[in-house]
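Chain IDs A, B and C follow the sequence of writing; residue 1 opens each chain.
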Amino acid sequence: MSDTLNLVLFSGTADKLHAAATLAAGAAAMGQPVNILLQYWALDAFRTVRLDESAGLAWDAMADGASRPVKGTRAIPWMDTFRMAKELGEMTILACSGSLDVLGIDVSTLDPIVDTEGGIATFLLAADGGQIVFI
Amino acid sequence: MSDTLNLVLFSGTADKLHAAATLAAGAAAMGQPVNILLQYWALDAFRTVRLDESAGLAWDAMADGASRPVKGTRAIPWMDTFRMAKELGEMTILACSGSLDVLGIDVSTLDPIVDTEGGIATFLLAADGGQIVFI
Amino acid sequence: MSDTLNLVLFSGTADKLHAAATLAAGAAAMGQPVNILLQYWALDAFRTVRLDESAGLAWDAMADGASRPVKGTRAIPWMDTFRMAKELGEMTILACSGSLDVLGIDVSTLDPIVDTEGGIATFLLAADGGQIVFI
């Protein structure tokens, strides 16, 4: 089995993307290859035009009595952390063809950190039976 | 370790169920057995009476500036994709006994694609130490 | 590869925490060590002051036609299930340093079931290449 860390990113809020990026950066720093598939709202968040906006917070932040990020959500540096992960090690980011189609997004409108587009089979072949984390 | 792909499905929105079904179908097509546990809102979405309704979208779809599925959520064919996965390979779907109880659902009201009901121990024994993905 | 079950807990609603605790207890009962990292809203939910409040339900519970837990959300015994897991086997709970900082939480305000605080590197070193489940 491959020791690659395979991440399926589905969610598009700043807090969850930050959790994902932290995991990717940690694994990259420890020498594990990282293989990422962007689906639905995570894919949507990687559009260049959205990077300067706040991506919002998970529903859990709305609960009674929940803390709120003290520095505000714009200060959650999820994309900076992904860029750092890419510098630290081997990380490939694939835009899911099916999600591009459902959301009506052209791959050319995504941030250049995205390497290419492809389907679930492409992702699973690269995963090579290694573990998959869905975020 | 088993090469079975073990999925714990918790969420019940059409987009997330579709992401789960795509992963199940991809793994089944590549010859991996797929072992699924339905909990909470995923279990709820498999009730026969709900299959003709829209299951909604994840909270992330509500964010400022998010794309919306261009064809509407009814067009997200999550159950069709699960049915395809079952034809493509070996896939077992277990309804979580604890969630049936908490939600007050009778197992006979679920779609027949669900094979049986059981607890977390049944699921983990079938998983046999293989990887678990929580969706 | 380690047979430890490594859980990254991100979500803070009672239903998802219960699903996580059930998985942890099942694995502990079967002799697998369980290594948990608390991030964001899961970390927030472990504050002592919040344990007597309802932690709410996932967004999926808001969907049209969704069932509602018949006994109410206060009756979802997620913390009791974590305490049971700790008695059943070997389970370590780490509070994520980065999340403590972003949310402005002091580690001394968390329930004593939390063992210590640390970063993603500490968590990944303990994981030792074993499987990671993100909840």
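Operating definition for what follows: contacts are C-beta pairs under 8 Å (C-beta built on N, C-alpha and C of every residue); 3 or more make two chains touch, one makes a residue touch a chain.
Given the structure is predicted, the values throughout are model-derived calculations rather than measurements.
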| item | value |
| --- | --- |
| Between chain A and its twin chain B, rotation from the CA superposition, multiple of 5 degrees | 120 |
| Same-site or different-site touching of chain A by its copy chain C, using the half cut | different |
| Chain A and chain C, separation of their C-alpha mean positions in angstrom | 22 |
| Contacts with 2+ other chains: residues of chain C | 1, 58-59, 131, 133-134 |
| Footprint of chain B on chain C - complex, ascending | 1, 3, 5, 15-16, 19, 22-23, 25-27, 29-30, 32, 58-71, 76, 131, 133-135 |
| Parts of chain C lying in touch with chain A, wherever the complex brings them together | 1, 8, 10-13, 39-41, 44, 47, 49-50, 53-56, 58-59, 98, 102-105, 120-121, 123-125, 129, 131-134 |
